[in-house]
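Some structures to go through are shown next.
Presented sequentially are two complexes of subunit A, the first with subunit B as partner and the second with subunit C.
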Partner chain A sequence: MNFWLTQVPLLAMYVVLAVSLDLLAGVAELLSIAQIAFMGVGAYSVGYLTVTAHWPFLLATLVGVLIAALAGAISGIPGLRGRGFIYGVMSFAVAIVAYTAFNAPNNITNGAEGIAGVPLPSVGAAALSDTWSFIAVYVPIAVVIVLLRWRLDRSPVNLALRAIRSDPMAGAISGIGSGRLLIKVMALSAGCAGLGGAMFAGLIGFVDPSSFSVDQGFLLLVMVIVGGKGNLWGAAFGAILIGSVPSLVTYVNLPSSTAGSIEQIIYALILIVIIRVRASGIFPERHWLKRERRGAAAPVGMTPLAPAAATPPLSAVPLDPVTPPPANADTVVALECKDLKKSFGGVKAIRGVSIAFPAGRITGIIGANGAGKTTLIDLLSGVQRPDEGSVEFFGQELRRSSAVTRRRKGMGRTFQSTRLFHGLSAEENVMSGLGSMSRIGLFRDGLWRGGRQVPRLRKHANVYLEEVQLRARLGMDALDLPYGEQKLVGLARALASDASVLLLDEPFAGVSADGVSVMSNILRDLTQKGRTVILIDHNVEAVVGLVDYMVAVDFGAVIADGDPKDVISDRRVMQSYLGTA
Partner chain B sequence: MRSGSSTGGTKPEESCELDGDVALQLAEVDAGYGKVEALHEVTVSVRPGEVVGIVGANGAGKSTIAKTVAGFVRPSSGRVISHGVDVTELNVRQRVRRGISLVPEGGPAFRGLSVEENLLVGASATASDRSAPMLEQVLKTFPVLAERRRQDAGLLSGGERQMLAVGRALVAAPRLLVLDEPSIGLSPLMLNRLLVQVGDLARNEDATDADRMGVLLMEQNVIAACSVVDRIYVLHLGRIVHEAASPDPDEISEIILRSLGST
Partner chain C sequence: MLNQFLQLIVPSLVMGSQTAVLALGFAIAYWPSRQVNFAFGGMYVISAYLTWEFNKAGLALIIATAVVAVIVIVLQVSIPVLLYNPIKSETSVFLASFGVFILIEYVVEAVFSANPLFFQVPSGQLTQTSLGLFGGASQLDVISVVIGVVAFLAVWLFLKRTRPGKQVRAIVADPFMAEAAGVSIRSTTMICYAIGGVLVTVAGVFAAYRYGLTPTIGETPVFYALNATLVGGRGNILGAGVAGFAIGVVVTLCSVIIPTQWAEALAFGLLFVALVIRPSGLFRSLAWT
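Up next is the complex of A and B:
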């Protein structure tokens, strides 16, 4: 029997472990060392259930996978609050606790002695007895996991995960709530780890704590990092590369006393070389457009954009007209805040603001730096909670609803500093703002429908990109765009939400005159379709020319409101804001 | 040699070629990101005590010029010269020590550090003995920074952060100040105050000619830029298409719009 052939089932197991870990650590960027713990849970479940309880192998595997998935979801929740670093530390703790539990003398895991005599995997009377039969079962399992992950990567779930890892708050504003989706991802990933554990128990026939130590957990992470974080093929390749190292060391027949340290040195060398030479791994993560065209995605670069004079194709936008404002629209209030108050560590940012924003109109908010304008938008959009006061959306009290809920009710917003999702193309940024992205489900939209919805999402996103006249930039990383164009992409992302009320924080800042006129036309057109726009900006000329109603704030309170021309000639406004009196 | 159509205005002065008293000289600089070339044969000069503006539409290459001057982007050809020294091959830190300070777009601040600590970081970069009086000056120009001295810079509003970023660059007592879109987030009152202050610092009566600070201002807001600059360049698709002394905002806006229409 060829030596390398006997290693194939083991490598198939590593592929299952790494590909599922990469979904969590790569795509969702929740760095986890605990994958090894869930693998252990799967292995011990199978060991205990088959050896002590005499369950059939397949049923034991199924239960092991479910227990691992449950453990993965529950143990991951506390770490979600902190994301990144905190999540990593929490997963470290989980790995240590699990190892200690496996190692402690007890009747289930049998402490340091482990569980020996795990039967060969079998279905009914048919058992895997030789290398060929293991290969015939384990390789297809790995292929199925790879295919599932491939399906997921082409689905909108992949986009949602990359968006929320980049900026959870901007994700929430696009309606992509992160909590539930990430918990499901953690469960799925841990479940696959449990499956890997069952494969391990069946293959080796012996389950003991040393196979699930923390350094083994790091090894899985090294597979992902070396192969290319976030890239399915990278993870699979990394698993095979790193997984082959122990086999290689065995193959060259090193004395067992040195073999272990030689292995460690090889891992370290591979890791160091990869990080020096190709920090994002052998197969780096790519966004969708680049995946399709394999680098042929022409560097559109700074090709000239269409001149501002071209009429935006607004008719092409798939907007359902919202309840059009009646003739006496001034009486309909889209959004109203009453006596809002908010302090930050003793500094009163908002001190009793009441504004009624008319439906189907553009309201402009102006005010000095630090007057509380952004805080006001944060309170209206649910990014922050007021200390006192209420917010009503078409007469409905919103005080308790989160940013995600408000987004689903029909509020969209942009941010002062764009907050585009980095690592996503301009097109993907706009796609993540689409209304349907806020109802994305891991199983229904990811594993079941796969990429089927994507062409439609992409088509819609392109309409909005076209509208801000940035169609030529769709494949570029959003953060490589000039600042003014990033602002336009941010607007397109907010427009894509199909919101009935849009809150825009300094949309014109850093945008050149031609861009400002494109934006102004879009906003005017939106109100024609019954949408309500609320914007903050310092470009007084553009704001006065655009808005129907203006509010001036200073020191967290309204100092003037009404017709824009009246407001900017108000003495206090001129003094505190324009500096002309 | 400049390509592109020079639509009038004054010709670049021959006198400011590579001599020691030029605060900044970009000589026929080509630069870009990877394969994408963002600047083509850009030649720009700033003399000590002079405020020079670069205006143009989004994507014209203004930020790329700012990054090329500061050392974040290396030109693929052409030279960057400051005060008689060729700094083309120097990195960002070395350029800061030579007195080149950039205020990046969007006014980034060190969160978790107080406003004062942020300013001190700026001062520590060059450890110039002019830092202390400059700090006084900054706190006087932006009283809100003095008020919030001990607060976490992360709690500042967008506009206040912009002031802090400018302040941080100024306390390093730079010989060349590069401002990338300082108007972003600033109210008209504050923008005006900032530009007047920067102009006054550049034209400092007490300093000798060669000692004065040169200012390179990248700006979208043509009216604001024209109010402060001595000279202006119009950038279009990475090329300088116009240069003018004491520019008129209407004329400059017209030139920008015309160049957009011609592509």
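Up next is the complex of A and C:
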């Protein structure tokens, strides 16, 4: 038997482990060393259930996968509180606790001695007995996992995960709640690790703690990093490359006393060199939409925006029906806050604000710097919680609901600093704001439907990009756009949510005069469709000409409200703006 | 039970002091640079093995330690310059430094083998002076507590009284403003790495002198130091020292109730809980200023 052929089942197992880890560590960017712990859970489940409890191999595998998935989801939840390297440290904790548990003397894992004599994988009477049979089963398993991952990568779930990793808060405002989706991703990834563990137990026939140490967990991460984070083929390649190192060391027949050290030295050197020379790995992450559109879009030189003389019809936009049709718009209140209060340390940013925002109207909030305008928007949109007071959305109390829930109920917002998702194209940014993205499910939309929904999502996104006259920029990385255009993309992302109430934080700041008139037309059009717009801005001229109702705030309190012309001539408003009476 | 706890007071103080020194050395470079330096554990291993080698060659222990401290400082400073600084992402530095750590461990293993080595410790230094109900304490016990106290005071004085120390605090508080005010982040963090190098050498050599050396001796110390740095509070270098002391004490005292092999898992379990309760660390940041 060819030496290299005997290594194939092992490499297939590494591909399963690395490709599933990459979903978490690469696509969702939650670097985890705990994959090895879940692999161990799978391997020990199979070992214990087949050897001690005499279960059939397949059933034991199934249970092992489920336990691993459960362990992955539960142990990952606290890690969501800290992203980036804190998540990495938390996963360290999980890996070390798991290793210690495997290693401690007990009846299930059998301590340092491990579980020997795990039977060969079998279904009924048919057992895997030689290398060829292992290859015939393990390679297809790896291929299936790769195909599932491939399907997921082309689905909107990939887009959602990249949006969340770029900016969780902006993701929440787009309705993509990070918690539930990420927990499912962690469960899926850990479940696949459990499958890898079962493959390991069946192949080696022996389960002991040394196979699931922190070093081994790090090795899986090295496969992903070296191959290319977020790239399926990179992870698979990394698994085969790194997974072959022990075979290579065995093959060249090094003295056994140093072989183990040499192996580790090779891993470490590969990792260091790759991170230093090619940080994104051998096969860097590719962004599906951008790649497809290259050449078609993305003009190199900026073409000036077309004048906004004719407002494009919003009739093209697939709007969902708004909650209550504002038959008698003047009396319907879309959003109302009562006696809102918010302090930061000793600073009272908002001190008892009550405003009723009329439905189907544009309300402008003006105020000097530090008056509390942005804090007010944050409280209304659920980005921050008030200390006191209530917010009602069409008469419904919102106090306890999160930004994601408010978004689902029909509130959209933009940010003063745009907060577009970096690494995503303008088109992807708008797509991530679409209403259907807020109801995305890992299994239904990712694994089951795959990329089938993408053309439809994209068509919708393009309607909104057209609306802000940025169709020509759709393939460009959103953060490469000029600031004013980023603002328009931000508006398009908020529009895409087909929210019934839109909160805009300084939409006109940094936008060209043309851009301002494009926006103004869009906003007027929206109110004619029954939408409610609430905006804050410094551009008093633009605001006065646009809004139906104006509120002036200063030092966290309302100082005047009513008709825009009256408000700006109010003595106290002039005083707060100009410092004179 | 109570008796056992009392007996463990001295060992827990010793362990606490050692961990505190390591935590100070790790945190002083981490907070201004924001680079997770797992290679710190490698420095621990290198300092122990080189000192052993020099000592065997006839150099007095103190002189050998001083020579090794210089070597470790050079390594501590050159690794960030060559590897970490060109890398932008915090997580990539985290991984690269872990790579360096593993590289050092296994190069040492390839050169010295995995078999444990020992210094020749005069028996008098380990003789326990009885403290009655509180067990006993040896000369080395006293020395390690003294080292811990001196290291803490030295770092405190550095941060409080010296110009580079104040610059470190400025960088930790606000790197952009510090740079705008003319503080060189690069050169200040290099000073911090150098101080970390001295501390890890002292801790590494002392522990190896007392307990012997294997290529994996750096793992637990660097994990504890990282734990202490995160628990100690955002930007709080002295807080890391206090947290390190606490981790050492808790882990040692818990050995009455929990098998010793769970010590590391226990420390990480505590970190896990601490991060869940307060992601920004247990102590208020910069509370000591």
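Note that the second predicted complex is superposed on the first by the 548 of 581 C-alpha atoms of A that agree within 3 Å, B and C clash if a C-alpha of one lies under 4 Å from a C-alpha of the other, contacts with A are read in each partner's own complex, and residues count from 1 in each chain.
One rule holds for everything that comes next: a residue touches a chain if its C-beta (ideal position, glycine included) is under 8 Å from a C-beta of that chain, and two chains touch if they have at least 3 such contacts.
Predicted model only: the values in this text are computed from it and were never measured.
Shared-chain residue A:483: touches subunit B; no touch with subunit C.
In the superposition on chain A, A:264 contacts subunit C only, with no contact to subunit B. In the superposition on chain A, contact of A:512 is made with subunit B only, not with subunit C.
Looking at the shared chain after the overlay, A:344 reaches subunit B, while subunit C stays out of its contact range. In the superposition on chain A, contact is made by A:276 with subunit C only, not with subunit B. Common to the subunit B-facing and subunit C-facing surfaces of subunit A is no residue whatsoever. Those residues of subunit A that touch subunit C in the complex are listed here as 29, 31, 78, 81-82, 84-86, 88-90, 92-94, 96-97, 99-101, 103-104, 215, 218, 221-222, 225, 257-258, 260-262, 264-265, 267-269, 271-272, 275-276, 279. The touching residues of subunit C, counted against subunit A in their complex, run 36, 83, 86-92, 94-96, 98-100, 102-103, 105-107, 109-110, 113, 223, 226, 230, 259, 261-262, 264-265, 268-269, 271-272, 275-276, 279.
Subunit A makes touch with subunit B in their complex at residues 299, 301-302, 304-305, 307-309, 344-345, 347, 366-371, 373-374, 416-417, 480-485, 488, 506, 509-515, 538-540, 576-579. By the touch criterion given at the top, residues 32-38, 56-63, 105-106, 144, 151, 155-160, 162-163, 181, 183-193, 220-222, 237-238, 253, 256-257, 260-261, 263 of subunit B touch subunit A in their complex.
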